[in-house]
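One structure, pasted below without further comment.
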Amino acid sequence: MTAILVAAGLNKSFGAVTAANDINIAVERDSVVGLIGSNGAGKTTFINMVTGYLKPTTGTISFEGRDITALAPRQITRLGICRSFQIPQLFNSMSVAENLLVGVGIMASAGSDWIAAGRQTGNPGEAVDAILDQFNLGGYRDRQAGLLPEGTRKLLDIALAMVVQPRILLLDEPTSGVSADEKFELMDMVMKAVRETGVTVLFVEHDMEIVERYTDRVLAFYEGRIIADGAPATVLDAAEVRRYIIGEQR
Amino acid sequence: MKLDRTSVALLAVGAVLIAVGPVLPKWGVSLLNVSLCYGIVVLGMMLMMRTGLVSFGHGLYYCIGAYAGGLLDHYLKLPDMLLMVAGGALSAAVVATILGFLLAKYRDIFFAMLSLAFSMILYGLLTKSASLGSTDGFNVAAKSIAGVAVNGEGRQFAAYALTVALAAVCALLLNLYLRSHRGRLAEAIRDNELRVEYMGASVRNIVHLHYIMAATFAGIGGAMMSINIGHIDPEMTYWPQSGEFVFIGILSGTGSVFAPMLGALLFETIRSFAYEYSPNTWQMVLGITMLIVIVFLPGGLWSLFRQRRAP
Amino acid sequence: MSRITHAAVAALATVVVSVLAPAPAQAVQKTTFRIGFVTFLSGPAAGPFGVPAKLAAEAIVESLNAGKGPAPYQVKGIGSLPIELVVVDEAGGGTKQVSEFRSLVERQNVDAVIGYIGSGDCLAIAPVAEELKMLTVLVDCGTPRVFEEASYKYVFRTRAHATMDAVAATLYLLDNRPAVKRITGINQNYAYGQDSWNDFEATIKTIRPDAEIISSQMPKFGAGQYGAEISALLSANPDVIHSSLWGGDLEAFMLQAQPRDLFKRAQLILVAGEPYLHRLPGKIPDGTIIGARGANGAFAPDSPIKRWLTELYKGKSGGLDPNYPAYSVANAFLGLKTAFEKAQRTKIGSAIPMGAAKNVKEEMEKAYAPANTEEAIASFENLVFDGPAGKVRMALGKGHQAVQGTAYGTTRLENGVIKLGNIKYYDADRVTPPEGVSSLDWIKSGFRKTK
Amino acid sequence: MNQLLVVVFDALTYSAWLFIIAVGLTLIYGVMKILNIAHGSLYALGAFSAVSLSSWWLAHGYPPMGTYAMLALAALLVGLIAGPLIERGLLQFLYEKDEVVLVLVTYALFLILEDLMKLVWGVDPLLLYEPYQLLGSIEIGGIGYQSFDLVLIAVAVLVGIGLAWVLNRTRSGKLLKAVIHDREMSAALGINVKFTYFLTFTVGAILAAVGGALTAPKISVVTGIGAEVIVLAFAVVVIGGLGSMGGAALGAIIVGLVRTIAVHYLPEVEVFSIYFVMAVVLIVRPKGLFSGAEVRRI
């Protein structure tokens, strides 16, 4: 198996605070990786660096062998690295279908294809219907995004990342704010959609049940460093992880 | 290409307006001329507003369009209506392309204020240019349309027909654009530009593009206004003029490309009647109208029609 | 909610329909002479110019309608038709004024338009008046460009243009202070202010090539704060300070400059200072050269028409003397009236041989319709008529542009009131370029009398 | 050397005048996120009221020195009446609107007040020159000045120090700063945002009126003076950074200096020098000179 995403020697500090300290990760194609750690441990910073929101102070990130460290978020997105957000980032004044249509539109108008960009969009199109089905959002199709319940907003946020056809999907706390009985349903749906399209997934998660159930590799962050890396059972059992992360959580 | 209802309606209204031109009262023609020119400018404001940006200096392009047309007459002795409009559109687009590299980074009040600064700099420059008549400006007389000489009644009708046609075509083009993939991104940017970036589109490029489009509309409106009015002066880029465009934009709402035209017509009507029937307090009449619109019609005039259609 | 919406839509529809509906057919029998009167009612020019102009217009119309005009203006109204005024604010710039002009003509169906103080507005209106064939008398704008850059059939200006202000000011200055060397100025940064300074500078350079011209201060219109300008003028140590400031700007400048002793050594010229004499006692230094943009106001020689205007205006304004905008307005109304009535007389003269009928005036009123615009224009061109400041000759711009003499004087404070002394009058011919020569060319050519 | 002194003093008087007007504008923006065009009208109202009150005072033959009290009283009255009236009567219903719409609201207000003042005071310019000369004159760099200009500078400095003291040293000032920093958080922490707004707008209105009242003796007070002032004040606060008091001070000094230098050495460019500086500053520092970095949390 080959690594699709490689982070080498990432450092990032905000003034006196070190948010990333010599991070080295190689993510294999088609794997599902969980990122765990307490608040401020550097998980979101890592995602922000991979997706171009933050630039690392030193170190490089490469995707399929290409250095993407200096690229802007949209260029990284274009290459196939897409993300969801802790706080769902939706188009609140639009309907659910229109939200997804934005993504369809961006895909259609990719690059400098002006003719495609100028093409009309009479009906939402098949791509939107497919995503709506995948995420079981059909019932919300014409509801305004700003007025949706939180769990549905979370789902739509992930769907928006999926609609632009990612190769790697980074999910930032996909189940935060989702009720306990909905969280598995949500994750099942996401994982099913991901497996159908063959996408590599990294997700930040506080819920160890979710981590255990859905990942095949776990990275544990502590004060900007990776303190454990391996199969879920191994990592969650490691002494340091139990002390610094799980202990703190329970 | 299949046209939607709005486009068909635009073409129909445009055709009817041109057809009834000869029987309309003259002041009705003048009112429509001025309103539609404003309407064309406000089409651009509407596109910017949809993108989430309001310019307090859009008079800059209105003025550039008018002066470009005027200079064609003044210096190059090419007083052809179509040439003047094309010149106005092109000059506005060129300046907007340059300034857009800067302005596309700006949002909210900072976008509004930097636009204002640019428009006031042009005001200062024009005020200093004695050869262009300083604050008095100069007269413009279009004498042909597409090379065909016109004068008297023919000239008036040609200008009117061109104004209506331009308004219809500009609105039609904007309507088509807004319904296109890229056009839809305007509202997405207004809602959440971070997400747009993270879906792989360059917000800056789109804002820049929309800025150029809005400026081009303003240039066309300004050039056409100079043809209709026959006089241009730096007042066109002074801040109250830009404020008026913002007001008409908010009065109209961003619901449909028809809205700027109707909004401009209503504004011109109120303003003109207030000037005549309440010459000492017309500012108050306008101010109160503005407040009423903002308080009771937050979605603009067009929201009236929208609510009516919705179940 | 939907009822409100419907009501609102209906209201909107009504507005739009009523706006677009054809105007009611014009009354067949003309019973009044409708004049659109346009002047500043808001903004900085309203106080010093716009409102005095409006007061003068209203007073003059009342008096003329009552048949109480001085000789030769005793006929009621215009050709016996009572005058009706439609007043419009001149605010908002040329574009708006053209729209308003159109609606005055096309919606209000006025018979003539009198007005406009701003030069930009005059330039903008003239071609539209021509297009709409509307007889328009420009009241108070000063720019020579109106008739130097174009010629019009329907447009008249019954006051002299501003070139004579600068020329006469220079002549007066050099007559009284021949030794002046260092010349500077403070003028507003807009067309009138720039033109005033340029004309003055050019005139000085033509007559006194050895004078040293220090560049003029050009504060923004309505700046209000002149601290730095006054310091700069003080540092320049000039002999002469030329200023065409007016209104609030002039008053603010005087209030700030006078206590700082700017005028201790420098000779001040206020081209447009005459209307402020009663407002600024103690603030205008003795010996200031003052103009009234024509022999208006305090410069106007005594005459029945001047007394008539003064009395009327005092009644309307609560005791103030008419200032030069009021004089300009009087010129416009009297000129228009003369033109229409002369046209009527001409018609009657050609219809009925003089002496064949008694009571020509009654005959005329009964038998003949009032003169139309075309006839009035024919008699307006090259007309000479009496205004409150003396004879007005429509001599330039192919008979459409008035020439008048002008005057300058020097101030002196007497018992708390500013008086004018050493008044000198300048004939129109001496301070106005001949037909077909642009003002600046004429000045630079050394005031040549012919082309 | 003398020339330099003159330029600096000219710039200082102009900056002081600008600062008094601009600081109220920036305060209101900082707390309420309203760019208040009607600030110009409040300035004009202050000037008109100052003329009316002082003229009344002088007409009764009271000692001329008392006109200074009248200037202060006029500013207070305008601020305390018009401020609350506008905030409670209109603005409070519109706080949830977009920033740009709020600018338009205040523009509408500006138009209404403009005609209202015309109805009350007429269009004839009003004069009140007594207070300008009462304090005598001084000489700086070989050039005479009126001491009144020193008062103007003193008032500006006092206003600046006073505001800085209130904001940094008093409890309510610190609360105000909290509101400036994060409106929602402050509300969540139990700060009475509604009252804060009321207070801020009133203080801002008083400052605008102080500017007008202190300018009245130097100018002829006439409708339209508010319009000229407001765009200048905008330029100042935008250059300094919207919502920053220090920025308003720096902005005022920069604009004052630039304009004065233009007047003394290049009168030709005076007319657009200020907007040129504004554009340059915004290009280099998009949010003005004193602006906190804003990081969006995602």
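Every chain is named by a letter (A, B, C and D) in the order it is written, and numbering of its residues begins at 1.
Just so it is clear, a residue touches a chain if its C-beta (ideal position, glycine included) is under 8 Å from a C-beta of that chain, and two chains touch if they have at least 3 such contacts.
Computed from a prediction, not measured in an experiment: that's the story for all the values here.
Engineer: In terms of CA centres, which chain lies closest to the overall middle?
Structural biologist: If one averages C-alpha positions chain by chain, the most central is B.
Engineer: Looking at C-D and A-B, which one has the bigger number of contacting C-beta pairs?
Structural biologist: Most contacts of the two pairs: C-D.
Engineer: Hey, how far is the Cα centre of chain B from the one of chain C, in Å?
Structural biologist: Centre-to-centre distance between chain B and chain C: 35 Å.
Engineer: Can you work out the whole-Å distance between the CA centroids of chain A and chain B?
Structural biologist: Those two chain centres are 43 Å apart.
Engineer: Quick check: how many Å separate the C-alpha centres of chain A and chain D?
Structural biologist: The computed centroid separation for chain A versus chain D comes out at 49 Å.
Engineer: What are the residues of chain B that contact at least two other chains?
Structural biologist: Within chain B, the residues that touch at least two other chains are 127-128, 194, 280, 282-283.
Engineer: List, in ascending order, every residue of chain A touching at least 2 other chains.
Structural biologist: 89
Engineer: Would you please write down the residue numbers of chain D that are in contact with two or more other chains?
Structural biologist: In chain D, residues 114-115, 118, 227, 268, 271, 298 touch at least two other chains, as defined above.
Engineer: Taking the complex as given, what residues does chain B use to touch chain C?
Structural biologist: 24-28, 30-31, 34, 127-128, 130, 133-139, 141, 156, 225, 229-233, 235-236, 238, 241, 262, 265-266, 268-269, 271-272, 275-276, 279-280, 282-283, 297, 301, 304-305, 307-308
Engineer: Which part of chain D faces chain B closely enough to touch in the complex?
Structural biologist: So the residues of chain D in touch with chain B come to 35, 90, 93-94, 97, 99-101, 103-105, 107-112, 114-116, 118-119, 227, 231, 234-235, 238, 242, 268, 271-272, 275-276, 278-279, 282-283, 286-287, 296, 298.
Engineer: What residues on chain C touch chain D, complex-wise?
Structural biologist: 41-44, 46-48, 50-51, 189, 215-220, 222-225, 227-229, 231-232, 234-235, 247-248, 251-252, 255-256, 259-261, 279-280, 283
Engineer: Which part of chain B faces chain D closely enough to touch in the complex?
Structural biologist: It is residues 54, 56, 102, 105-106, 108-110, 112-114, 116-118, 120-121, 123-125, 127-128, 194, 239-240, 243, 246-247, 250, 280-284, 286-288, 290-291, 294-295, 298 of chain B that touch chain D.
Engineer: Touching chain C in the complex: which residues of chain D?
Structural biologist: Those in contact with chain C are residues 3, 6-7, 9-11, 13-14, 17, 114-115, 118, 122-125, 127, 129, 132-133, 137, 143-146, 149, 215, 217-225, 227-229, 259-260, 263-264, 267-268, 270-271.
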